Amino acid sequence: MYRDALREAIDEEMARDKTVFIIGEGIAERGGSYKVTEGLLAKYGPKRVRDTPIAEAGMIGVGVGAAIAGARPIVEILYVDFAMLGMDMLVNQAAKFRLMTGGDGRVPFVMRTQGGTGGGVAAQHSQSLEALFYHIPGLKVVMPSVPADAKGLLKYALRQSDPVMFLEHKHLYMTKGLVPEGEHIIEFGKADIKRPGKDVTIIAWSNMIPRALEAAAKLAEEGIDAEVLDPRTLVPLDKEAILTSVAKTNRVVIVQEAVRRGGVASDIASIIQEEAFYQLDAPIEIVAGLNIPVPFNLELEKASVPQVPGIMAAVRRSLHLAPAAIAAQ
Amino acid sequence: MSAQPKRPNVPSRELLEKLFRTAYKIRVFETEGIKLYRQGLIRGYFHPYLGQEGIATGVCAALQEGDYIASTHRGHGHCIAWGADVKKMVAELLQKETGYCRGYGGSMHIADISNGNLGANGIVGAGTPLGVGAALAAQIKGSDAVTVTFSTDGASNNGTFMESLNLAAIWNLAFVLVIENNQYAVSTTIEESTREPDLYKRGLGIGVESHQVDGNDPLAVYEMTQDAVAKCRAGKGPILIEAKTFRHMGHHVNDPGKYMPADKLAYYKARDPVDRARNNLTEMSGIDAAQIEAIESEIRKEFEDAVEFSRNSREITIAEFEAFTADY
Amino acid sequence: MYRDALREAIDEEMARDKTVFIIGEGIAERGGSYKVTEGLLAKYGPKRVRDTPIAEAGMIGVGVGAAIAGARPIVEILYVDFAMLGMDMLVNQAAKFRLMTGGDGRVPFVMRTQGGTGGGVAAQHSQSLEALFYHIPGLKVVMPSVPADAKGLLKYALRQSDPVMFLEHKHLYMTKGLVPEGEHIIEFGKADIKRPGKDVTIIAWSNMIPRALEAAAKLAEEGIDAEVLDPRTLVPLDKEAILTSVAKTNRVVIVQEAVRRGGVASDIASIIQEEAFYQLDAPIEIVAGLNIPVPFNLELEKASVPQVPGIMAAVRRSLHLAPAAIAAQ
Amino acid sequence: MSAQPKRPNVPSRELLEKLFRTAYKIRVFETEGIKLYRQGLIRGYFHPYLGQEGIATGVCAALQEGDYIASTHRGHGHCIAWGADVKKMVAELLQKETGYCRGYGGSMHIADISNGNLGANGIVGAGTPLGVGAALAAQIKGSDAVTVTFSTDGASNNGTFMESLNLAAIWNLAFVLVIENNQYAVSTTIEESTREPDLYKRGLGIGVESHQVDGNDPLAVYEMTQDAVAKCRAGKGPILIEAKTFRHMGHHVNDPGKYMPADKLAYYKARDPVDRARNNLTEMSGIDAAQIEAIESEIRKEFEDAVEFSRNSREITIAEFEAFTADY
């Protein structure tokens, strides 16, 4: 499972490198709200696995400071929404430090947190905020969708020297998937084709991957062969892989759970239209969260973020299938 | 412990009954609400106020119309003590259109703005700056309203606590910060979170009058708050009150709370705030068991009616939703 | 001047509505770092014009609370960079409150601050962060480029009921421009054509407007007739005006000082390509800040954000002028 | 005022000379640096440390190799006291490639990571969590390094202060927080910013050993820091030290500082920390005027050389810039 893959990555890296440590709320004895850190306290002791008070700005700040001083902190923030309390430390310190010091200062800092909607936790516990980090040069942004990627990317994160926003999804912790045996490391900036196809490129990440794959499977029954591309890391972004896929399909649908306005999808779209303008046979479709805070009511929550039928409809639009053909579905 | 105001000789029957009614209503709401949650009727988070009823009860009894409260993620008790309509509360938990927030907010966001309840909050600590802001608005408008923020031991380790209390202090705002020190933030103890578990001491360092009170004693909480509120209305605010208490169960409905030591739990259960309110009422006012029973069944009935009402309410339609969110 | 226009707006609205008040660092006796609030203390007294300690999260938080309780606060944050300390209050409280309360709770809150590069103040005092606010539904985002807009938009901000991020620019405070006499109010969501033209649409805002106009003037000498469109408010965005202009010119250059990655320009580009795909004769060009923190060194600072020649080059590219023609310049 | 450690009988001549050299070097750096600024050679912000030299001087003399410091926006003094290369400092202010940050940082961002200087900071208050983080890293690595964060009166009203000091406390970190209380945040006085201008009291509320010292007395600062550092190395940290002081001029080079009362300024100028360091050296070690003069001209020469060096240095090229930023 996704959460076990994350735990394995942390465990292996803590064993390998004694400067790796983890702090967060309820992560020690209790093993964390999503059980990612279960067992680590017993194995690595209270110096390297610590509970914190409810002090997000402080936790992130001390993590950044520890990283500057040469340790490798993992700071677990319960919900990405709460990371807003630590934005100054992320935006003005972690992200800036390397450039401000002319390259001497490095910040090998990893913030692990989770976002997305899930079961009526409402507006302050349901956001997908990757776009905020994406816009801040100096931060890496990682959004694994499957257990193998979760493990490989987290291990890589703990071996490089820039601050990493490692964004998990509350819906994915219990999802299953094969994880390669042995040392399994995935470099940043390498997209993964989760499903090859030739008619249209669906770009998605995190919890939108399962939905995109479900949509692709259903579209296959209609004779539409969709490629599903998972960038896995948004910063750095594998532009090459995206452009290669677009060159093949000439049609793009981007799916993000985050709100439409100013999301990462817009940026990817802006890049594709700039660099592959003459290859596009249709406008790039963006399927995204509505431009609103997430409502508590479950039906409204569901209506607020992309679902499989919405993805399918966007694909059909991009293939210029007449609304009639769509309605017939 | 700092000085506590003296108890007035005889609390009125009216006051004692009010305290009991409030405490008992919270108890019923939470106990029955948990059942609804377990039946799958309520989704998202539900943080019960069980064991802490004395605080909201005592504090709100000392406030008056026009005052403001701001609350926490564990906000049902504050809402009820403030006089909320239980129907609209249950309807909100059941995500119905008749709820306080029409189903948009849920347990962690119940508010009643027109009535001075600035709302529960899903961000630990956020109620403090918001409450200070309401107190600032009152001062600017020249009103004599007092604002109370209910806060927590957990929130007092967050930067917002000192930062906004300090603003209230330099501006002499009519603001009372009530720290409900239930000694836990989920499973983390107050001793793990700070070297100084007497949280009221933090106010002293920035020149804020600060007290400690037994949060399980609704009358003591009431009296201390009354004193604080009077000082605030006289321009001598802000005031910090730390109310020591303990949860009767885990952090939220699905947390078994195994980490809570049995003896400590037993100690606090023996000092149950609802029992105290009931005992105070019987002992000090001479009300009899039948009258108590009548009050209790009236309150239980109110809750049942609220559930009935809520079950019969509808949810917001997609069309209404689209209209409401059109200008976002 | 821009700063006087801002002061007039505040002054007039404070006179009109006794619940309007302003707090910030050094804004009372000292009149603020940019002298916007000079004289207001004397006129409105210390209750409604207050200095604060260095407590950005607290200032923003109490502003939001005061707004919820029915007052109309203006919170001045010295640099938009420092608003990162108050992000929780902006993102999780101010922006969410109306929806979470089902519409009953309103937040007539205005945060005034300034951003942008200027004279070697380096990475923590030079950011253009509008994209962060733009992505948070519930926040309005206003970026006036000239004194008249500054006044009219600020007056409107103080009469509506949603939280407004009013983003000024450090380079603009001393710029001059006509401000209409009498009650001058500009509704949100109305773009302004700062220069009409027919060959290409340059979309820009804030301090990029003077540069875009300069570029347009120079391009005119080359026979290129550029339209310069200033959205003035990014949220709400005047899509209609943009699409009307694009329908006329068929070519778009978007200029923003903020970094390219995940900026508002990307989002506007994504909208145009979606809604006017078949009208575009060339890829939408984005001229933006580099994807880096702003360096201290003045030459590098200059190289980090759009300058007039870069805008001109992008226009020429969008007109398919051969690199040779460009080189000839 | 809390208890101060007793002065050891006779400070060594070595120590006294070190204190004087440091204080004087800061004085020269700032005085001459301001001239360069006024000539237009330095851009951006320049916050002089004039009048506060006693603090950085005393604190850093009590530290040893391997320790860490984190600084403020007014950071030149800390940097020099920490032993920085004046050449690289001036070069940085002149945005040259030979500067500490190769011209990428400037006055507010000078750092020297490999040497334990975590850097100045443009965000008031940010040095505290960063310093606590360095202390945490040291604890995890099992090193006995102590981290000192220089902070300010202004920063102590910001949430980061209590929030991160509390983390240092629960983890018993080897961390010393030095609040340079110069009684102003730009033009806002400490009395306007808090009801309790004795800032060290804030530490007491969270169980942190806290002291106050005369920041204009380098020797007193040194002794108190030495004591604090020893306690930290023995696992008894963190410790808070409030050093009272006053600026000799406005907030930054372009601030005339008219709001600073003349009598207060005169009071503090009469207690000039550089004079004190010089007097201590002459009085307690018997060094003569000629030797003092020799030290002073040596230091002035060092600064002049640094200016010469910096003027002759080149700036980063656009090609280097592109290469450096390629992977952002």
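Per-chain numbering from 1; labels A, B, C and D assigned in written order.
As a convention for this text, a contact is a pair of C-beta atoms (placed from the backbone, for glycine too) under 8 Å apart; a residue touches a chain by one contact, two chains touch by 3 or more.
Since the structure is predicted, the reported quantities are computational estimates derived from the model, not experimental observations.
Enquirer: Could you pull out the chain whose C-alpha mean position is farthest off from that of chain D?
Expert: Using the mean of the C-alpha atoms as each chain's centre, the farthest one from chain D is B.
Enquirer: Is the number of contacting C-beta pairs greater for A-B or for A-D?
Expert: Counting C-beta pairs in contact for A-B and A-D gives the edge to A-D.
Enquirer: For chain C and chain D, let me know how many angstrom lie between their CA-based centres, rounded off.
Expert: It comes to 37 Å between the two C-alpha centres.
Enquirer: So how far apart, in whole Å, are chain A and chain D when each is placed at the average of its C-alpha atoms?
Expert: From the centre of chain A to the centre of chain D is 41 Å.
Enquirer: Taking the mean of the C-alpha atoms as each chain's centre, how many Å separate chain B from chain D?
Expert: Computed from C-alpha means, the inter-chain centre distance equals 45 Å.
Enquirer: Would you mind listing the residues of chain D that make contact with two or more other chains?
Expert: Chain D, residues with two or more chain partners: 101, 103-105, 109, 121-123, 157-160, 163, 166, 170, 192-194, 325, 328.
Enquirer: Hey, what residues on chain A touch two or more of the other chains?
Expert: Each of 53, 55, 57-58, 81-82, 85, 88, 92, 99-100, 122-124, 137-138, 290-292, 295-296 in chain A touches at least two other chains.
Enquirer: Using the touch definition up top, name the residues of chain B that touch chain C in the complex.
Expert: So the residues of chain B touching chain C come out as 68, 70, 99-105, 109, 111-114, 118-119, 121-123, 126, 128-134, 136-141, 147, 159-160, 163-164, 166-167, 170-171, 324-325, 327-328.
Enquirer: Inside the complex, what are the residues of chain D that reach chain B?
Expert: Residues 157-163, 166, 169-170, 192-196, 201-208.
Enquirer: Sort out for me which residues of chain C touch chain B in the complex.
Expert: Residues in contact with chain B: 18-19, 21, 47-48, 50, 52-53, 55, 57-71, 73, 88-89, 92-93, 97, 99-106, 137-138, 236.
Enquirer: Which residues of chain C touch chain D once you look at their complex with the stated criterion?
Expert: Touch residues, chain C against chain D: 25-26, 29-30, 51, 53-58, 81-82, 85, 119-125, 290-292, 295-300, 303.
Enquirer: Could you pull out which chain C residues touch chain A in their complex?
Expert: 81-82, 84-85, 87-88, 90-92, 95-96, 99-100, 122-124, 127, 129, 131-132, 134-135, 137-138, 235, 258-259, 261-267, 269-271, 273-275, 277, 280, 282-286, 290-293, 295-296
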